[in-house]
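For reference, the structures are reproduced in the following blocks.
One chain, subunit A, appears in both complexes that follow, with subunit B as partner in the first and subunit C in the second.
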Partner chain A sequence: MHDLLSVIFSGLVSGSLYALLGLSIVIIFRATDVVNFAIGDIATIGVYVAISVISLGVPVVAALPITFLVAGIIGVGVERFMIRPLGPGNMFSALIITMGFGLVLQALIGTIWGYNPRPFPPIIDGNITVFGVAITYQKLLATGLAVVAMLLITALFNWTRIGLAMRASAEDHFAARMIGIKSTRVASLAWFLGCGLAGVTAFIMAAESSVSVALMAMVLFRAFAGVFLGGLTNMIGAAAGGMMIGILDNVAGSYVSASFRDTMVFAVIVVILFLRPSGILGARGGARV
Partner chain B sequence: MNFENHLSRQLVKKLKLIQIGAILGAGIILMVLLGPGLVGSYMSYIIDLTLIYAIGTISISMLANYAGIWSIGHTAFLAIGAYLAANLSVRGISVEIIILLGIIISLVLGVIIGLSAGRFAALYMAILTLALGLVSNEIIGRWQSVTGGDQGITVGPAQLFFSNTPLDTNGHILITIVLVTLTFLVVTLITKGNLGRRWLAIKSQRMASMSIGLKPSLENALAFGISGAITSTAGVALAFSMMYISPEAFSIAIATNLLLCTVVGGVGSIGGALLGAMFLVLVPEMAREVQGISAYVFGIATILVLLFLPKGIVPGIAQRLKQWTNKSSSNSTSFVAATVDNLTDSDYENLSCLVENLLKPATSNLIISGLSVSFGGVRALDNVSLEVPPGSVLGLIGPNGAGKTTLLNVLSGYVKPTNVEALKLGKTDLTRLAPYGRVKQGFGRTFQHAELFDELTIEENIFLAAQQSKKFHNNSKTGTSAVDIAEKLIDNLWLRPYARLYPGEVPFGVQKVTDIARALATGAQVIVMDEPFSGLDAEERSEVRSILKAMKNAGVSILIIDHVVQEVLNIADNMVVLDFGRVLATGTPEDIKSNPKVLEAYLGSALKDGKEVLSN
Partner chain C sequence: MKKIFLGILMVFMFITACNGKEVSNKENAPGVTKDTVKIGAWLPLTGPAAVYGNTQRAGIEAYFEMLNSKGGVKNRKIEFKIEDGGRDPQQTVAAAKKLIGRDNVFAIVNSFGTANTEATFSYVLDEQNVPVLNVFGGLLSWWEPARSNLYGVMVPYEDQTFALGRWAAKEGAKNILVVHNDPAVYVAEAEMVPPGAKTVDPNVEVNLMPVKLGTTDYTPIALNAVNSKPDAIVLVQPIDEVVAFAKALERQNVKIPLYTFAANVIQDTLKLGGNAVDGLRGVSWTVPPTHDSPAVEEYREALKKHDPKSIPDFQSLYTWAESKIFAEVLNQVEGDLTRESFIKALENLKDYKTDILPPVTFSAENHMGGTAVQRVIVENGKWKAVGDFIEPTSYWD
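Then we have the complex of A and B:
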């Protein structure tokens, strides 16, 4: 039992990252109906830029805001120059164009920074024992960061004018325009926030190990899995789904087989879809889709 | 007959052309390859690989264009074929059996995955396929006894069923050529045939497709399974051609490239699939020296193509050419709407006769009792009860937001009631039936915005509905074929001039009449109509009026809602007035006309004393 508790706890720790990335995906989807497949690569390039800046002598602490800004600005650019020209209602073209852009970014990272993994300067040393699991301060900090980011987003969407405007626009693009909400501004902001937050996820991932082109591949898969459970239009759902995937992944990895983690996550999703086609949280299967 | 001829002629012509083209092409390639010294081994390797990937791109392309499912994980099916080939060939099992096994396994897997996500929107399906691709990578990496893990695995000699000597390199290419030819033929047959029509219908109008009895989740799953099965044969060919397979061949990078190249070449066209495959093979070959070049090329090509030729290179260029050649003769092609002369009595008689032949007289009561529907906090319908006796017309009116369309959607099975005491057709409990199950019970539906299947012509729209109803009612009283039904409906509902046009090319009134024709073709006994008169001009209204009259004469039950109250009052036997989700009044049209509560709901509470206001 004690063992299970610790497994669940470490599941929550990694789950917070999936939740954060899932949230980023949902923020962008709600505002612009685009599933952004380049989100992982945009975030990764943000971290690379941050590393380069640090190596110039800027303190490590600055890496986080740099990553956030770089990823966010790239996101705004993608929306402005690749998504918007496609026009509305081109959901799949948009999805595929982000896949293409992701490919370009991967190649760019390889060309500029090389294909070998790069070390990332550690932020904090030492560890603490919680529920019998030794957890590094670094990991704790990472989880804290993810949670704080999610709380900030919640606050933004609930208590600020622009956040409310974004929610209104997500509910009904047309009606929001009628009451004077600029949909282009909402779109830009959503891409900035979404990609920026993904940058935070990438920063945390990098801080835990090292940086490589494939930094986000594993997280992205699990974030998508979480979104599957929670629904593409449901922010709380995506976050909760990410947490659940984190737990599921760790439980399956510890008790069933460590080598087939992805497979088990996938199998569970397929089974859940059979039992509850609307996702665990009952989000409608993307009514606008 | 004209229609049948047209359809089959078109089908045969297209098929023949492609068939002959494919076989000839394959034959020529074969001769060139096998002719000694004409093509170097490197060249034949490139051609072989291109053809193998063309099998993959065409199946992805078919899935995307016809079923609207974009698969990012088709390498999983490629892997199934390849590892089957590697493991079974060393045990001396023949190529044919390996191919068959690959097809079966992929079909089953594809249908299962398709069923789990098929109920969702296609977007979720895309994400699930990405997961499938990733998972297949994990399995390949870990299931070493079968895949050889990262080291890869050697493929045994290719052995044909009726031969004792294993095939050589040229023989491997032969397998590829046969498979690619078969693939193109199968894909053409599917997409030009009933399956393709059904998939297109579901893709463009999921809801309306259910109203003619299609099962979207099942068809989506089938499309995914078939596409996967075809791709698995490419895996077999790949294994024998490479004679050694490693996990890189099935990585997510390859999966991505496969999809991107399909899009660049152009979805929904065989030429596009071939071009895509060529691109996929040639770019990395030419950019061997520098790492990352192909990623740049694929990525940038995708972005540029989607921005400037959104349909892909081959269909995009074909479209431009067509526009260019049509420009000179554009005046003659701009369609002149054939005006329907005033309806003669004989017109009406023919129509009446046809409708009577198509529709079954209703035999059972449609009963709704205690029906409530809530959306979040909004009560769209609140304890509504009504009854439609067999063969009668019930008019349903009420201001906007009264819950009329919600009521129809509950009847069609698109909206689940929050609470209901009874929803029955005779003794059949409708709440337990899915939308297509209700069609089977004789439920027809028309839509406010027509909701025709965009990518099918007017005649195909009606034909598909007739065909589905043939499946449901095998022993329909008329012995006529689905083609005949469609043909007659087109002639008698004044649709002939538009028959071969697409819904987007015809006036809204024609679309609405087509929608009604579609419902008639299903052979329903209860037809539920959502605002058949809205948005029509006077002439079109008179058409719809006579169709409705014919339907009434044929003895079907009709539930009609509309804001054109006068039309409803004229045709209805009984009326129900809804307001804010509640039944405000019921009665004959005469009763309703003079009901003060109804007047208030329609004219507003400020005008309580209607007479006084009018006299001012």
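Then we have the complex of A and C:
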């Protein structure tokens, strides 16, 4: 157990990506009551666009905001043309639509850019050794971004008019409209922010490894786990859940079995959710009627 | 009544006369005419395995285009049909039914996948008696005992990992770590590393480390691997995980010789892995696509002509060579081309040299025509051949 600290630190850093994606999921859910299963694929298409602009000579750092914008705009389009026509309260239909749209995006990426994995340039080169484990600057950047995004989004939702409008709109669509909140604008903003942030996560993932159609599959899986662990309704909970997943994943991989990482992680989640069904920081409450 | 009978007779004669040319063109085999031989394959053209399928397709099409431009085989051009089988058994069975039922192909040549192809066997091999030649995939059980209508040249992965174990031990490794994914097929391959290594040194220590398939964060695994202080690491994993592991090791500033099997000996490994895969050893079914020989030069030229954007790669070179074997067998058929005469020619193929694969020999008892692999190593961002072809399970030096 001599290197437990390094394993925890490494897990925390990996978990920051799950936290960032978890935040994206929660932003959309809190504002529009939709669990967006296409978020990983929307983010991935943003990264592929980044590859194309980088190949035209645009610097890697400049491609990051482009990815944010592309993913955000696609998110707005999905909300406007696929989710909004369903009307409020169609959570399951929306869920199926996002799943289907994700598959369509995967096929689209394959058709336009091909299925071969592609290398992606690093945002920042080099790494630093902390507690005996080498961590890339990129992952530290992701951790920093996750923390900053978490704070900003928390502030947005709690202390700004638009944030409060987003929460009100998600809570009761009709009541929000009656008090003058433009719920359509709120929804668009949430989808833009959520998908844009997911695009940033995908960008960092790509810079860490490479780009492929399935870039976000495993990250999304863990981000969802983090969201449910931390609480689907709580920003800090979702981010903390993502970090916890990263730590559990690394500890299980190092001390139990690399083959049973997911099993261990999800066993812990099941126990926690059994004790606290709304997640660690999720709001307790009855079902909506 | 008489007039009606005469009318029917005339219509019958007219139809027969119209069809006369086609009837005379046909031979006693499905998919074969005087001018063409129609064959088919299932490849993953979409989905995650499309990375292999599209590259392999380029090699096949480039070869048959070149062959057809030279007049084909015995004045018959090759008509090649492809169906997208993904890597999905149900989709592949549907693809097989289209190729055989709708397209009436003569044989299945150069298909892809182990589990999905195996799902077609009862229909293709047993029910329809269609020859299947050169599947990209396979298990030892496909070849021992030889199965009717099934022939191939791809040295099984179990034999490859045996060779990797032996190679690592021959390079002096006393403590070998095998990092492998957890599905049974990877486990079976990983378990062949210890016996291979022990042919060199019975005291060599070999430990297996299973990793969940689809793992993306390799930092804890690399740390664990480093802690076990191996002299060599054999990676029995798909390409993305080999690259992720190599990069995780590189980040920890650790340089341990890495070994992997033929599926990962492709150009993408270099592109994705960069410096992290420098020194990576592997076994390949073919000589490198950059090899300086007339046979490989012919492949490079034809590939460029087929698709100028295509980059020469092990996988397209492999399917190119497989197609060459098919054409050679077709050329050696004596008399009418039927499935029976084709099988007879196939089983008589002895020591056929493509100068890309090792010499190929089939017989009635031996349907696995290729038994040797080429060792390769990444040096300065390129795959380079190490020595000549070796028989993986023999005591090569």
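Heads up, the rule we're going with is that the second predicted complex is superposed on the first by the 269 of 289 C-alpha atoms of A that agree within 3 Å, B and C clash if a C-alpha of one lies under 4 Å from a C-alpha of the other, contacts with A are read in each partner's own complex, and residues count from 1 in each chain.
Note that contacts are C-beta pairs under 8 Å (C-beta built on N, C-alpha and C of every residue); 3 or more make two chains touch, one makes a residue touch a chain.
Here the structure is a predicted model, which is why all the values come from computation and not from measurement.
Aligning the two structures on subunit A places subunit B and subunit C in clashing positions. In the overlay built on the shared chain, the residue A:95 is in contact with subunit B alone; subunit C does not reach it. When the two complexes are overlaid on their common chain A, residue A:174 makes contact with neither subunit B nor subunit C.
Residue contacts after overlaying the shared chain place A:260 against subunit B and subunit C alike.
In the superposed model, A:217 makes contact with both subunit B and subunit C. When the shared chain is aligned, subunit C comes close enough to touch A:250, but subunit B does not.
By the document's definition of touching, of the two partners only subunit B reaches A:232; subunit C does not.
By the touch criterion stated above, A:159 is placed in contact with neither subunit B nor subunit C. None of the stretches 57-65, 129-137 or 183-191 of subunit C clash with subunit B in the superposition except 183-191. Applying the stated touch rule to the two superposed structures, the overlap between the subunit B and subunit C interfaces on subunit A comprises residues 107, 110, 115, 217, 259-262.
Interface of subunit A with subunit B (complex): residues 35, 37, 82, 85-86, 90-93, 95-97, 99-107, 110-111, 115, 217, 221, 224-225, 227-228, 232, 259-263, 266, 269-271, 273-274, 277, 285-286, 289.
Contact residues of subunit C toward subunit A in the complex are 46-48, 50-51, 54-55, 182, 209-212, 214-217, 219-221, 223-224, 227, 239-240, 243-244, 247, 251-253, 268, 271-272, 274.
Contact residues of subunit A toward subunit C in the complex are 3, 6-7, 10-11, 14, 107, 110, 114-119, 127, 133-136, 205, 209-210, 212-214, 217-219, 246, 249-250, 253-254, 257-262.
Those residues of subunit B lying in contact with subunit A across their complex are 64, 68, 70, 72, 112-113, 115-117, 119-124, 126-128, 130-132, 134-135, 137-139, 142, 252, 256-257, 259-260, 263, 291-293, 295-296, 298-303, 306-307, 310.
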